[in-house]
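These are the structures, in structure tokens.
Two complexes follow with chain A in common, the first pairing it with chain B and the second with chain C.
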Partner chain A sequence: MSEAFEAYIAELKTLDLDELQSFYGELAMEELTAVLQRFYQEAGSYHQRLVNAIEIQNVLEIIRVSHSLKSMAALTGAQQYSALCLWIERFMRQDELDDLMELATYLPALWQQLEHAIQQNLRSVGTPH
Partner chain B sequence: MQNQSFTILVVDDVTLMCDFLHGAVNRIANCNAMKALDGKTALELLTTEAIDMLITDLEIKAPDGLEIIKRLRSGELACPHDIPVLIFSGNAYLEQVQQGIRYDVNDFLVKPMSVDALAKKVVHHLTHEKAIQAASHYAAMLQAELQQPVARKKEQDRKVSASIVREAPKPQDEEPRALPDDEASTRQEKDFLTWPDDSTTGCFQLDRRLKKLAFNLSCFHNVFVKNCKLVAMEAERKRACESIDYLNYIVKNLKKRDQRPDFWIRFGQQQLKLNKLAAQFEQADLRHHSFVLDLLKKFAYWWMQTINRPLVQRLKQPEESTHE
Partner chain C sequence: MNLKVLFLDDDSYVLHAYQRMLRGAPYQLYFAQDKQQALDILQSTAIDLLLVDYCMPEQNGLEFCAAREFWQPSVRCYLVTGLDNQTLFATACDKGLIDGTLAKPLRKDTLLDFLQCQQQQLLTNQGDAAL
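Our next item is the complex of A and B:
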């Protein structure tokens, strides 16, 4: 399972700003920064909710939160994280808890990478987050 | 389109997505976007504002996207029922799509979508009118949907045959004849089963809530032993817990009105046991099969304890009281 997921995300980027621009249209630097900041804030709280829900195995909450995170991340170009949420949601809807626990191990690392990529981008335009 | 201006309501419970939609719609010439982060606000705006198009996610805080669409199409809201409706969702499940088609949704947009693609869709649906049926057509459909589960529920309720309150004996002209032992037990059982289904007050109300609890626990048991999806089990567990909450609520109200302290003391003891079981049931990890099965056995035992010793043996009739 983990090999399959790793193969799936291998070609995906942690944060693809071109994709973000393709969804939002051409954004000015300040607008891009604002979008990233807002994503970072909102997705951060959703990420925490997802971690808590997985911890207590609250199935409905896991489905709900991963569903929201999946779209949010895809819109922002966070491809790997979005793929992880997509897989989590899919496995939960198929009621495969064991696979979920395996996938959940990727959550902290992928979030950390995404966080790092966002911070790097924000730093490069000189904006404190 | 060129001379007209349009107000478009966008609904999504994720702020980022809602703002994206809001921004995208505002960029379209002659379009003015309004946003709602939950179903309740969306309904308010559809009632108070002149909305020309609705773009909604399906999975939002209650009422959900489909419910808003149904109410809109049925003419329940002040807004015209035939405005274009676009669903903007990350998932398109067959059932949701079928429901959307039944209520003549104009389009299904899949998240994420680019600003340009969204603008094209919006302009297309503002300029190409789709034939929408009369509101009464959708209202009839909605009514039928609402009645369906009730009919099913009544059918299911009939299968539950236990009760703690015995039916008031019917006046009989002739002396009851002595029955052989076997027949007597059958008769006793029969008396147990023939409750007036339409009695909804007093102790009958309690009786009905207990039936409902038994039914919900039995539903949970069914999905659990069939090893259904965890989501289904969670949903049935939630229903069973709700029926316990409702039973507690009914008891609280009945106690205030009913002047039979002995009855309520005995029932209170049973209630305490039930609530302890309910607390364990609510927290139980549904993957721990043996633990959950054990809990269900305890519920069954509780149920037998409660109904096998009827708390109200017989409801007194006026004639009987005068003889006494």
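Our next item is the complex of A and C:
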């Protein structure tokens, strides 16, 4: 299962700003920064909720939060993280807890990579006041 | 007359995205993050179009639309969803709970095209009613 997931995300980007622009239309640099900052704040708290829900195996919360994160991440061009949430949601809906627990091991690393990519982008364009 | 559109989604990030995508577009936009906010707007404003998220914590989008008989009957309801459950949504359309679905996440150009069609339809209906 891990191999299948890794193969699935191999061609996907951590953060694809072209993808983000294709959802929002052309954004000025300061708008792009505002979108990334908002995503970072909101998705960060959802990410923590997902980690907590997996820890206590709260099925409904896992489905709900992974579903929301999947869309939020897709809308932002966070392709790998969105794919992970898609898989987590799918396994949870199919009640495949073992696969879910295996997938959950990818959460910290993929979130960290995304966090790093966002911060790098914010640094390169400068943060608006 | 500008189309009045209400977006209902429990994720504020998604609502802000719609708001940003539609900045400057010739529509009157309303945003609700929960069922009560949406009902208040539906009862106080002549909304033409409701775009409602399917997966929400209090009740899902279809359950919300099940009460559409209590709003203005002319409100057109579309479910915005990332789920692939065509049978469920087709049945909901057949029962008159919703008028259709839109795939989530929505892109700006898709949203603008859709709203333009809806605006056109509204004008056509108003023209027909005036005859």
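Here, the second predicted complex is superposed on the first by the 127 of 129 C-alpha atoms of A that agree within 3 Å, B and C clash if a C-alpha of one lies under 4 Å from a C-alpha of the other, contacts with A are read in each partner's own complex, and residues count from 1 in each chain.
Operating definition for what follows: a residue touches a chain if its C-beta (ideal position, glycine included) is under 8 Å from a C-beta of that chain, and two chains touch if they have at least 3 such contacts.
Quick caveat: nothing in here was measured; it's all calculated off a predicted structure.
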item	value
First, second, both or neither for A:Val59, with chain B first and chain C second	first
Which superposed partner A:Phe39 touches (first chain B, second chain C, both, neither)	both
Partner chain(s) touched by A:Leu103 [first = chain B, second = chain C, both, neither]	neither
Partner touching more residues of chain A, whether chain B or chain C	B
First (chain B), second (chain C), both or neither touched by A:Gly25	both
Touching partner for A:Lys70 - first (chain B), second (chain C), both, neither	both
Set intersection of chain A contacts, chain C complex versus chain B complex	22-25, 38-39, 42-43, 64, 67-68, 70-72, 74-75
Sites on chain A touched by chain B in the complex	22-25, 38-39, 42-43, 57, 59-60, 63-64, 67-68, 70-72, 74-76, 92-95, 97
Touching residues on chain B, where the partner in the complex is chain A	13-17, 19-20, 23, 27, 59, 90-91, 111-116, 229-231, 234, 285, 287
Residue numbers on chain A that touch chain C, as the complex places them	22-25, 27, 31, 35, 38-39, 42-43, 64, 67-68, 70-72, 74-75
Of chain C, residues touching chain A in the complex	10-14, 16-17, 20-21, 55, 57, 82, 104-109
